[in-house]
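Quick one: the structure is below, questions incoming.
Chain lettering (A, B, C, D, E and F) follows the sequence in which the chains are written, and residue indices restart at 1 in each chain.
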Amino acid sequence: MSIAYPQPIDAAEVPRFAGIPSFMRLPICSDPAQLDVALVGVPWDGGTTHRAGARHGPREVRNQSSLMRRVHPVSRLAPYELARVGDLGDAPVNPIDLMDSLQRIEVFFRQIRQAGALPLAVGGDHLITLPIFRALAQDRPLGMVHFDAHSDTNDSYFGQQRYTHGTPFRRAVEEGLLDPRRTVQIGIRGSIYSAEDEDFAKACGIRVIHMETFAELGIQATLAEARRIVGDGPTYISFDVDALDPAFAPGTGTPEIGGLSSQQSLQLLRGLRGLNLVGADVVEVSPPFDVGGVTALVGATLMFELLCLLAESSRTTGLLAGAEGAS
Amino acid sequence: MSIAYPQPIDAAEVPRFAGIPSFMRLPICSDPAQLDVALVGVPWDGGTTHRAGARHGPREVRNQSSLMRRVHPVSRLAPYELARVGDLGDAPVNPIDLMDSLQRIEVFFRQIRQAGALPLAVGGDHLITLPIFRALAQDRPLGMVHFDAHSDTNDSYFGQQRYTHGTPFRRAVEEGLLDPRRTVQIGIRGSIYSAEDEDFAKACGIRVIHMETFAELGIQATLAEARRIVGDGPTYISFDVDALDPAFAPGTGTPEIGGLSSQQSLQLLRGLRGLNLVGADVVEVSPPFDVGGVTALVGATLMFELLCLLAESSRTTGLLAGAEGAS
Amino acid sequence: MSIAYPQPIDAAEVPRFAGIPSFMRLPICSDPAQLDVALVGVPWDGGTTHRAGARHGPREVRNQSSLMRRVHPVSRLAPYELARVGDLGDAPVNPIDLMDSLQRIEVFFRQIRQAGALPLAVGGDHLITLPIFRALAQDRPLGMVHFDAHSDTNDSYFGQQRYTHGTPFRRAVEEGLLDPRRTVQIGIRGSIYSAEDEDFAKACGIRVIHMETFAELGIQATLAEARRIVGDGPTYISFDVDALDPAFAPGTGTPEIGGLSSQQSLQLLRGLRGLNLVGADVVEVSPPFDVGGVTALVGATLMFELLCLLAESSRTTGLLAGAEGAS
Amino acid sequence: MSIAYPQPIDAAEVPRFAGIPSFMRLPICSDPAQLDVALVGVPWDGGTTHRAGARHGPREVRNQSSLMRRVHPVSRLAPYELARVGDLGDAPVNPIDLMDSLQRIEVFFRQIRQAGALPLAVGGDHLITLPIFRALAQDRPLGMVHFDAHSDTNDSYFGQQRYTHGTPFRRAVEEGLLDPRRTVQIGIRGSIYSAEDEDFAKACGIRVIHMETFAELGIQATLAEARRIVGDGPTYISFDVDALDPAFAPGTGTPEIGGLSSQQSLQLLRGLRGLNLVGADVVEVSPPFDVGGVTALVGATLMFELLCLLAESSRTTGLLAGAEGAS
Amino acid sequence: MSIAYPQPIDAAEVPRFAGIPSFMRLPICSDPAQLDVALVGVPWDGGTTHRAGARHGPREVRNQSSLMRRVHPVSRLAPYELARVGDLGDAPVNPIDLMDSLQRIEVFFRQIRQAGALPLAVGGDHLITLPIFRALAQDRPLGMVHFDAHSDTNDSYFGQQRYTHGTPFRRAVEEGLLDPRRTVQIGIRGSIYSAEDEDFAKACGIRVIHMETFAELGIQATLAEARRIVGDGPTYISFDVDALDPAFAPGTGTPEIGGLSSQQSLQLLRGLRGLNLVGADVVEVSPPFDVGGVTALVGATLMFELLCLLAESSRTTGLLAGAEGAS
Amino acid sequence: MSIAYPQPIDAAEVPRFAGIPSFMRLPICSDPAQLDVALVGVPWDGGTTHRAGARHGPREVRNQSSLMRRVHPVSRLAPYELARVGDLGDAPVNPIDLMDSLQRIEVFFRQIRQAGALPLAVGGDHLITLPIFRALAQDRPLGMVHFDAHSDTNDSYFGQQRYTHGTPFRRAVEEGLLDPRRTVQIGIRGSIYSAEDEDFAKACGIRVIHMETFAELGIQATLAEARRIVGDGPTYISFDVDALDPAFAPGTGTPEIGGLSSQQSLQLLRGLRGLNLVGADVVEVSPPFDVGGVTALVGATLMFELLCLLAESSRTTGLLAGAEGAS
């Protein structure tokens, strides 16, 4: 019975600005086993090479998520009827130790997976997706629909640094966590370091849909391509808010002009129903660089879109994934 | 002779940043009988359930309206040649008494109507449109073209509160002021409280054009549908700035991502020439949440667009309406 | 054993920016009977006559309170060793109904008092202090040390409005909740409506220490005077952040230049140890008008100062007050 | 009878955020002959060598002046009972022609003087004081109490530019408009171009009270010195908001840390009652560099303080000055 | 060999936030003869009639240009392999003397031309383009692709002022520097002073593509038209950031809603390869009115786009132009 | 001859907003051997446990340092006549590797010392002072005058992290770089973790002057105590801007209310002439949390004060220190 599922605080009884801001105004929960979809913050930006600040992302996304309501306006999905959803708090992090943080985050997400819940994470910078993959993909590589201005498949930084927010997906491929042939990147743009920047992605089979290609293909053809690529295998959605144009999401570390609009972002996510989802994230919301909270609001709304997808998925794939994790 | 009509201060003689900021730099006027179109502020946000601040809207829209010039760039309508236009100041309001404010606002707009002027109001939150309707629609219901992210046809709040910025149009229908079958809502979007949220609108015949429908129809088909619905009866245009995406209008109380662009908004208003207009408003500009004054600039520009429509309308419908009011 | 008392999250284990922000990072608690000092938000600004926004105060003060540590730097008071302290959440409020809100707030604080806890509230506008007094002073009037730029003893507004953030203490005196002869106001300044503005305060015996008097007296003589006035009867401390100069606390609804510095504010509160305290509040923190969160930080720090006073008081007076309330 | 004097809009009837913002909410008046004290904006910053923006000062000071009430809190002076005070609008300026602007401003203030009113101007950058002096001091030099971080007695800029906001008082001395021996400058500080920077001031007898001297002297001795210097001859007060520390007045073009506090500023102005005042100004409020409107609020409050001085002065000196001007 | 060409600092060795911010992190160079493309700031806004601030444009564009990388993402042009590019510093200006500034700027750009380098300037307000034309077009008129919300072909201001940021292109036509029949303006919109505003442009043959026309034509037809008009003669590109909608570029002096998106701007510039370019500029970035640096980022990115065009052009046209200049 | 010394760009010839912003507008220099005092940025905040952002400090302090002039207003010291001063650029740092950064910074400062220049650094977070000490104090421990809200002598963080911006001075004492008995800390305040927080400082003999003690002692007695403690041995001055109250310096990572004013800070530094200085720094300026650039202006002004001290010192101690370094 949905009656037993956790429900958000009702804005018609407690004003949206009141109360302690959990994600979506849901109950705070410390046991992932009580959840089908676990909303998690990962307040860490230790992989950031330019403007830090994404460590403050979870708190501001929680704030803005007070504006979210209960039912999806187009699909009419009602996530809190479909699944047990709660705010699992923040993953443990260490603001001054990168490797320790990667370890802590992985352990936390491993517990979520073992409990059979699907994680929906809010970063934090994009390096957090690597330990999440380590937790979720330990026994088979995942496919991914990846929204971003940047491919994040650089090899290294400062010569020897292999773990930054520009490298997670090269590492994930190398570690066998991410299946490059089931990976599609949408929104890539901006000046590049060299003409060889995308050689790795190409060589391993990642499908990169640059902004100019997206502009030509349009929403529907892009979605068809994305769905074809990830197929029905276990899939993760990773959404870097810098996929959006800075007009829509100024509060991020490495903005690139010429990006997606909010409406395009919504349309793209709404076209991903029915995938075999095992988790998702929204990353790189950086409140110190935001203006008027609009980027955190974008983050909260994208999170709600992803929640609807995951809640639906949890009824089939998700439960299987949980079973997998428990085995 | 247009020579006798009130004219804005000339920016080539007095810089735009100089002088006391009236709407459009027009003369301040205290007698609506001297005007064909009365520009009015309604600095009140007592119906706001989340983020207050629209009470400061009129002042900042006045500031930004210093940037408006005299002639419409596309239609070449010159409102100050067509009609006597002036700044009638602000409607009286009571910041701590909702019912008293509704009464004061109604009385003020009743005077405008009786004087035969068409009101163009700047809010304030969306509840101000209810007392305006009470003043303008006392003897026959009006049609409405309504731009908004939200339908504003909720029944109540906190169990018993019947008057909030989420309820004005249900009240207007119930009070016989708004003809639901001559009402069209454009831009509606965002997560909803329940799948029944729009039952009232549907049951009474309001045409709701959600954002996703608008995206499919496009500007011209949307306009054709809107014109078909309101027909040639007396009509009001109500523009809530949250119809726009927060990228274009961040300074509002209940932003929803995925909305109209500024250009779409202009195109929609430009397509509404020739309606039988009896008034219009721009509401929910909330300066404390604005960034860089851009939302107030949007408000001032939409106001200029509406002014061109009303000035043209005042030559036919408006004068008739005035006659009505005077009878 | 202090070991059993609720403790804040340790910043050396969970970074300050992480986790869901409760007051002082304390456990969230829904039963006041488990607490000696209850930290409460009152997110309501319906009594505000100029710039609203204090409704958002509790949330931002909770955010900034993540910076507070455990032990007072001067007195070495360790509040979490002295008393059971927790975040009791927000009092219920109704953003569009003033009288309903006053009722809801009073009921909530009555429960706190009956449970034997001392309330430490964060507003919200200054009208919230009236229902708190109704809850705490039902059987005998309280004394008060009141920090503010304004006396808040106006009679009415708009002719007939008796309840605004400018009137709470006249009402409290009239209702027999506040003993004017045991009341001292510190920091009063700013232009006044008329030379008669303070006639009520004078007539009933409130001691008003204007800023210019404070500047002459200095900290110690002011404190001596305040302590003399309130004596050892039950006393409340109410701190309106506009007592501070806008340089130190810009985020408030009715700023007045020429106010207290942060350091003077701290020194004044530190001089109030040993009073017979029954509760306290910090009000008028208005985040939409704040810059860089500095006013919320001031609010959180003043709250910590008051917490130390209340925790100490709860060991003697507080327990008696609790006994009173329970009888 | 004061009853006939112009009165501000009453905040207990029209909320402070409502209505078109004139200075102090006073009636707008176009004839200086109807006024004893004329409040005037001079929205011009063409003399600014670093950060422009003071052209927007009058508008924002008008906005913030809505917070001013009617009676002085310490002196109990009620300016609107003592004098006819009104908002005379803005002096005409030309944003791209320095010499033309100086001419226009002078003509405007000459009309004020000839009408027998005392001008209280809000800038604008500090160069505006030169044409004001040309209007007010045409037949005898004035004394001046000058609050500023900078002496503004430079000779030239870019080799040949003799008119900038760093040179007005050298020009005023050279033109015989300012009596240097009756001039005192308070608050001067900040690194200097060379050890000779103040040679001119010293040579002609201007008394410069640097911040470090002020810190030693204290308020009362500084005031005594200032009063001794200006004596009972006709005197002007010029207040550059950068006399205040940027913590109190960040919105200005050339901030210098280590300045006056707001309270010190108020105390200094309050100590200048009884001078033979012929006019005053507040300059260098630069809204584009302000944060949260605090500098405009400082400007509005200093303006109220100066208004009280001028209103009192207008009953004696002012009327004489008017007589002079008319002769 | 490209090895000898100046190269930007490598972000993989020196973080983007480190070091002294030159344009594109290129070496600072004082001799234009060592450059094929000279990046130049023109920090001057003395022609601005409303909101000044573009004087601060070069500094903030330099800051944000730290985010640019080396290779164009679509064309794969590598400007630093094609041409010697460097930061030539800022043109000399005089903030309080318009005519002197025009002279200084012209001389500076004349030196660049004589040295054979192509200038890429960052303003500053749009009047700076006039002295640049005087330097570059002394022996034959130039064609121009002009992106702007405003035609900037007004005749005068304040009756007699012939040089403002609203007049440069009328002056350039009159002086024989700009060939109106080889001039196209894209993005023009916003209310106008009178129906005659564009009579000059029409009479002399300038092709004005208003926003509504652009919306109908689309990118490709607009580009075809622009290329047809300028043909293969010497051409200049002038990009006023107010061509973009304020959502994308709020930090400008005269914003007009309904403008280009960032993506449209990029697409338009990318369609201009192969023109015979002699220089380009980005103007009207006004940091004091920017929010979160987004407009400066737009400016820096447009500058990179223009740099790619100029670097390519410098291999053919540019060198010829240099030869011309040297002759 | 001073004529040969590097001089800042003259603001009377090049406006302050023009040109590439080096520290104090001095020439950029890459060889410390050409300098007596080397101005250095250390753009690194990898030791920050709460709010990062100080990595952007050097760039914004450079920007604001354009406002500094040449001669000290009180001492009349003219640093550019006393010493060769230049901008040595930024120390190399690695934003994602703490230990690597400490190493790079140390090497850079070692080169400065070996070249015989006195370093004046701008952080960056406070951990940067540790590698600076390792460079400067390799052969004898230094004394220190330390301005800060926090003692920064914590032992560890997260159990095992020994290097954070809260630990530098415990490490410096342990490594024999800092002589605790010649160390004085001024401005310490704010709630503490436990009553044992200062046991280390006390045990090793560091003199901690808390804010409340400073308030009692006053400027002169504090200075006398500081001078007594450091004596005439080699001494370093470290100024954390959070020593100032957030009203004066909001842009910092760990603000504490109740701090120094700007004027007190200036007075304290001005009282430290004649010490045997070997270097100095200003740290924790965090632009993403600043408002209106005021904290960066404070940083630039404190830097100028320190520069005057170091320039004077370089004529005696500095040269000796250089000799030391060279030996």
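We take it that a residue touches a chain if its C-beta (ideal position, glycine included) is under 8 Å from a C-beta of that chain, and two chains touch if they have at least 3 such contacts.
Predicted, not measured: the structure shown is a model, and the values here were computed from it.
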- Query: Where the contacts of chain B and chain D overlap, which chains show up?
  - Reply: C, E
- Just grab the chain with the largest centre-to-centre distance to chain C, centres being mean Cα coordinates. E
- Query: Among the chains, which one keeps its Cα centre farthest from the Cα centre of chain B?
  - Reply: F
- Query: Using CA atom averages as chain centres, what separation in Å is found between chain A and chain C?
  - Reply: 41
- Task: Go ahead and note the Å separation of the Cα centroids belonging to chain A and chain D.
- Result: 56
- Item | Residues within chain A bordering two or more other chains | 15, 17, 49-51, 55-56, 95, 157-158, 245, 247, 261, 289, 291-292
- According to the definition of touch, which chains form touching pairs? A-B, A-C, A-E, A-F, B-C, B-D, B-E, C-D, C-F, D-E, D-F, E-F
- Message: If we count contacts the way the header does, which residues on chain A are in touch with chain B in the complex?
- Response: 11-13, 15-17, 67-74, 76, 78, 245, 247-248, 261-263, 265-267, 291-292, 294, 297-298, 301, 304
- Per the touch rule, the chain D residues reaching chain E in their complex are 45-53, 55-56, 94-98, 100, 157-158, 161, 163-164, 288-289
- Per the touch rule, the chain B residues reaching chain D in their complex are 14-15, 17-22, 28, 41, 43, 55-56, 58-59, 62-63, 87, 89-90, 92-93, 95
- Message: Under the definition above, what is the set of chain C residues touching chain D in their complex?
- Response: 49-51, 157-159, 189-195, 197, 210-212, 215, 245-247, 250-251, 254-259, 261, 289-292
